[in-house]
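Chains: A, B, C and D, in written order; residue numbering restarts at 1 for each.
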Amino acid sequence: MPVLTGKELRIVGFLCNWCSYGGADTAGVGRFNQPTDLRIIRVPCSGRIDPLFIAKTLINGADGVLVSGCHPRDCHYAEGNFYARRRLEVLKRFLPILGIDPGRFDYTWVSASEGQRWQKVVTAFTEQIHTLGPAPRFDAVAPELLAKVAGAISQGGNRVAA
Amino acid sequence: MAAVKYISREKLPEWLKALAAERRLLVPVEEGGAVVFRAYDPAKAPVFGSDATAPPKGSVFPASKELFSYTYGKEGEDAKPTLTLDPKTTAEPTVVFGSKPCGARGFLIFDRVYMGKKFPDPYYIAAREATVFVTMACDTVENTCFCHWVGSGPADPAGSDLLLTPVAGGWLVEAVSAKGEPLLASPALTDGAAKAAEAEEVKAKTRAALGEAPDISTSKEALLARFDDMDFWRDQSDKCISCGACTYLCPTCYCFSITDEGSGMSGKRLRSWDACMHFQFTLEASGHNPRPTKAHRLKNRVGHKFSYYPTLHDGLIACCGCGRCVKSCPVSVDIREIVQNAVAKAKA
Amino acid sequence: MSRLEELKTRIKEALPGLECVIGWQKGYDALHNTPLFMRSAEDVDKLEWGALNVHNPAVYLPTMAGKKVGVVVKGCDSRSVVELLQENLINRDNIVIFAAGCDGVVDLTKVKAKLAAAGTGAGVVTAVSADGKTVSVTAGGKTVAMPMAEVAADKCLRCQYPNAVLADTFVGTPAPQPTPVPSANADLDALDAMSVPDRMAFWRYHMDRCIRCYACRNACPMCVCRDHCIAQSREPHWLSQDDSVTEKLMFQVVHAMHLAGRCTECGECQRACPMDIPVLALKKHLNRTIHDLFDYQAGVDAAAIPPLLQFKTEEVNIKERSW
Amino acid sequence: MRIGVFVCHCGSNIEGTVDTAAVAKATLEFPEVVYATDTMYACSEPGQDGIIQAIKEKNLTGVVVASCTPRMHEPTFRKAVERAGLNRFMFEMANIREHVSWIGKNREANTNKSLDLVRIAVEKLRRDAPLIPSKFSVNKRVMIIGGGVAGIQAALDCADGGLQVVLVERESTIGGKMAKLDKTFPTVDCSSCILGPKMVDVAQHPNITLHAYSEVDSIGGYVGNFQVKVKKKATYVDWELCTGCGACIEKCPSKKNPDAFNEKIGPCTSINIPFPQAIPKKAYIDATTCRQFVKGKCGVCAKVCPTGAIRYDMTDEIVTEDVGAIVAATGYDLFDIKKIPEYGSGTYPDVITGLQYERLLSASGPTGGHIKRPSDGKEPKNIVFIQCVGSRDKSLDRPYCSGFCCMYTAKQTILTKDHIPDSQSYVFYMDIRSPGKMYDEFTRRAMEEYGARYIRGRVAMVYPKGDKLMVRGADTLAGTQVEIEADLVVLAAGAEAAKGAPQLAEKLRISYDKYGFFMESHPKLKPVETNTAGVYLAGSCQGPKDIPQSVGQGSAAAAKVLALFSKDMLESDPQISRVDIKRCVGCGKCIMTCPFKAIKEVEFRGQKKAEVIETVCQGCGICTSTCPQGAIQLSHFTDNQILAEVNALCQS
């Protein structure tokens, strides 16, 4: 059982090894209580995080994705988070047009020393996902909703309801 | 053959509802500008006028078919995993209603491959046997139609179980196979003998509209003669963009790929459509590819349909002339033109 | 001399030094033109110029790397050439660009709809004539006159570059830039107006009929991975062969994200789709985002660096969330 | 693959809130896991032996340890699996301590989450491939940035160890803050007397190249092979010719410039040598005050210089130094006391910093070692010292303790009494921080033998009354308000990160905390290492430190460099990117985005392809997420590995 049904939601984190993974460690060392939903995937650098990983995670049914890297200018690899910032921002703005609530994805910067900030981020993000609730799925769109949208499309002509 | 029946436009929904009650009923419907076969929904009128964008190929041979699911089981430490397979060979009884003759005829090409003695395919056989084709003869022809080139025609019953021919107010309904006969029992159908003559007229008129087919009887030899002529194939394939639209929309293209999709201790084996126009189709594990360019691949597609398959299968051309490959090609590659070019070159 | 005749003359002059010149010719019926690869003077005589030249010939250029080829371009096509140059996927020395002012091309889907409304069909077209303002299509014995503004491709209705942004040979007088028409963005406007859950239903509805033929990808001049697209590889294994909406949509996300900052909105992806899936809207949305964030438009400057392949230490338009 | 899973109790650290036995048992249901157990301390010797034994007995080909953070013990366990004969990269960790057991007490949720983390570790491990490091040569030169006492110590130790050392100092002389001090605590020995000889050693050491009045411009390369561009700022004096005779200083007509060395409480000339023991003892011109530059005419120094060393047309020069390791020893700066207006600094000349007071005490200072207050040159009798000015103060965003102020203030009260026997020192303090050998005894002496009056409380304000300053504060022990009439107020200004520290950190690709102090690799176990291989820290750049701590760190950093350079070849981390040339279309997007220039274009059978330079690649993976066709993959963090982790979390 991946998440505790009824209690947890499926939240996936992508964290850079040098800053944010360390920040999450620091939060642990400081015994800063956090919700248990988040599952962290460690990557070397936020620049390694192809936005498509996030899209894939959300389309495949995760309820939330949180990305965290080093603060801008502090990247262990000098530039990774600068690229990441552009790509992640583009993705964040892209999600709603796909029908994915942009609140299901956030990215931020947490340094290895910022255990408290990490606690705050995880807590706030987990709350946000719980407020949104379990993510609707593309392969389980309610028939009524589908019929409504399909009706609008055929009204409006071939492609898009205009 | 059994009695000839008639179904009026008004009565058609009644018949469809009755058919849908007993089995899966697939009908052509409009979806975002395309016409595709979908499970019958009384709220949505089927589209019978023009040929569907995608043929009913998926009814028997789905784009992706789960052949079986598998689960590994383990009991504690170091135990040898057990493997449980759950094959998905059963098929749902289905009626495909309203395809054009070319769409149904495509399965004749499949049958020789998957129902032959050598490698009978249980998945295909089950689906094929569970599916009944209620076909509508054409009363119009499009610029891309060429069924008459390949030994067929706008009212070709081959591959169908019932044939409907448009007549005033409705359709003449003929059973063209034993499998189709039970469907005639519906009270929505009335005797059609009086409409038979009109139907014959429609058939003849439509066939006449197609005109005379060019002689491509030498295509087998003509294409083989071009096998090593890569300049010829370069010229034919220059504009091809190597997508799979022609293949996936073709009622006769039967090639597939097999992939396993596993997660953790379980997974499934998928058989999905493959397209010989894709680079990956013949890509070998080593990285070598015997058909590295689109010229090689288009040569195969045309050669297979008009030469290699007929050679193996009593001259039967592996093309039903529906014209989807021409109509749906983003760059209008025209298979008719290629075959004719090869035939012409062989004559020259 | 008409644009077409002058183009033919200039191409014939250049042809001896070139492997071929890519343009358009008449296709299998009056409604369809088709790409033409000119290798001889006789081939050049088949060249067409006009509203039916819907294809973007830039798509062929990367596959002809190493050969010196000519290409005839509309304004929009030239932007793809610029983008390919920018990404080092073609060599400027090996490309000779022929261009003329473009008065717009038709969207065959719109033409089909017009014909259907007139009680006939695109499959029975026997003649087409166009004078720049009106396209007259004869089908099934009826002639339907269609104002160009109603059947032109959306990209033409908002075209900023009717004349090639880059050309070696530009013939005739430049075409005027059309006044943008609001309906040119109807697809994106409609999506914008939808709720987020409705959009999910929208894509679920449309992607369901995708046949995974990858015509959208292969018609895209910027899809340079081609034979090595991650959609069909196991290493890496981004997509399964499952016939599911999620896999199909994921591919559209891959395509769109890979095009972010590179897409010139030539519209080939959507035009090529045999199932009429409105996939261009995704790219349009991303282009708008790229423009908002980085004030960037692809395919205009061959020396520019695409915005996702560079960065600024201070991003003026990215407002990060504070926690 | 045959995978073994080891779930660590970490005593009760994990076991307290995670059912480790249940986790271990459940992992047996995961693919290819053939062995699973819980273990008390996986990292202990018996713990590691248990792993090794299991690998051998169960023929394991891959190992997952679920325990603490991989940032702690990944190297430990990798070595262990290597000892058992496996490739050390056939190993993954699940962090069930910092990321699970320590952040929540719900045993059910923690156990479940731990199992999920092991699940993704197993899925990743199943896609791991053995990696073999390649070797590359080391340039055995070291650069020390900063010539304070920490940097000097590091430089000398490295040089004595036989290394070529390049020492870069921002000012025109080395010596740093220590050179400005009069005496040092708790021994009260003369600062320049103990530092001076070390500075001379630097100057005379054959293995040390000193770039004074220079700054690091940019840093390229990687451990073993850095290329550092050093900007030698224009001194307008040819140091090859300057003998340090001081003739120019004597004649310079611009004499009233604030003297930076004297913390601006004394004047200096525009051409100057900061202090007599300066190393190098060379003059430089401050172009912002020099008349030749400001007014365009003067030229006095050029006329008087006996060696003709003056060069008004000198410009900044960039020199490139190739080194194999870098030690950052850039020290600290003082909190700007003007930020607390109620103490009156900037308004009242007799409110000064502790470091300014050092200059007043110093025989080489502006007053020749006589304590004279800045306003009128009078000898002060009542001197008030205020502690924690810009330290331990959240409202000023300086919540940390600067560490050494308590001690130097005690020293200054003692020295005050020595200089002016009839003086009285008052010290307003919050707490006395005197942990160190002989430190507490020293503060006691200040109070008991030297009569310094310590008042526990904060000062509310300082205001003038005649030529005196009234210091009003609280005595929290007595519970009363106190007001003291002072002749001089000395503020123990807190230490803060050196100016430009964050910018240098960015060049070094190391982290820094929110105050600008550099981040060490581990707060306890790796105090002088950073997360960037080949870059080390010494002294107060990491956080405020006193002299013995700084010297100790200088030596420690030197030891790290010497250990690094004890090998002729270094092993590169094999977790780098690799190109699948079959898939590469040669578009060069990876080359464009690589921050390390680690990817080059090559020709392969007439086609352009990308190729990774193994020793240059740092393994960030930007290329992998840039390449649209996934042709370049970061080993150990491949697309398929991350996708497998995603799928495991989404589908199971």
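By definition in this document, a contact is a pair of C-beta atoms (placed from the backbone, for glycine too) under 8 Å apart; a residue touches a chain by one contact, two chains touch by 3 or more.
All figures in this text were calculated on a predicted structure; none of them were measured in a lab.
Of all the chains, the one whose CA centre sits at the greatest distance from that of subunit A is B. Among the chains in view, A has its Cα centre nearest the centre of the complete protein Cα set.
Across the two interfaces under comparison, A-D and C-D, the one joined by more C-beta contacts turns out to be A-D. With centres set at the average Cα position, the gap from subunit A to subunit C is 33 Å.
Centre-to-centre spacing of subunit A and subunit B amounts to 43 Å, using the average Cα coordinate of each chain. Spacing of subunit C relative to subunit D, judged by their CA centroids, is 55 angstrom.
Residue positions 109, 113, 205-206, 226, 233, 238, 244, 276, 278 of subunit C each touch two or more of the other chains. For subunit D, the set of residues touching two or more other chains reads 119, 582, 593, 626, 639, 643, 647, 651-652. For subunit A, residues touching at least two other chains, in rising order: 51, 56, 60, 73, 79, 83, 87, 150, 153, 157-159. Partner subunit D is touched in their complex by these residues of subunit B: 72, 74, 76-78, 263-265, 287. Contact residues of subunit C toward subunit A in the complex are 109, 113, 183, 186-187, 189-191, 194, 196-207, 238, 244-246, 249-250, 253-254, 256-257, 260, 276, 278, 281-282, 285-286, 289-290, 293-294, 307-308, 311-313, 315, 318, 320-321, 323. Subunit C contributes residues 62, 66, 87-89, 224-226, 228-230, 233, 235-238, 258, 305, 309-310 to its touches with subunit D in the complex. Partner subunit B is touched in their complex by these residues of subunit D: 28-31, 33-36, 58, 119, 123, 582, 647-648, 651-652. Subunit D contributes residues 69-72, 95, 97-100, 102-106, 108-110, 112-113, 116-117, 119-120, 502, 505-506, 509, 511-514, 519, 531-532, 575, 593, 595-596, 618-622, 624-626, 634, 637, 639, 642-643, 645-647, 649-652 to its touches with subunit A in the complex.
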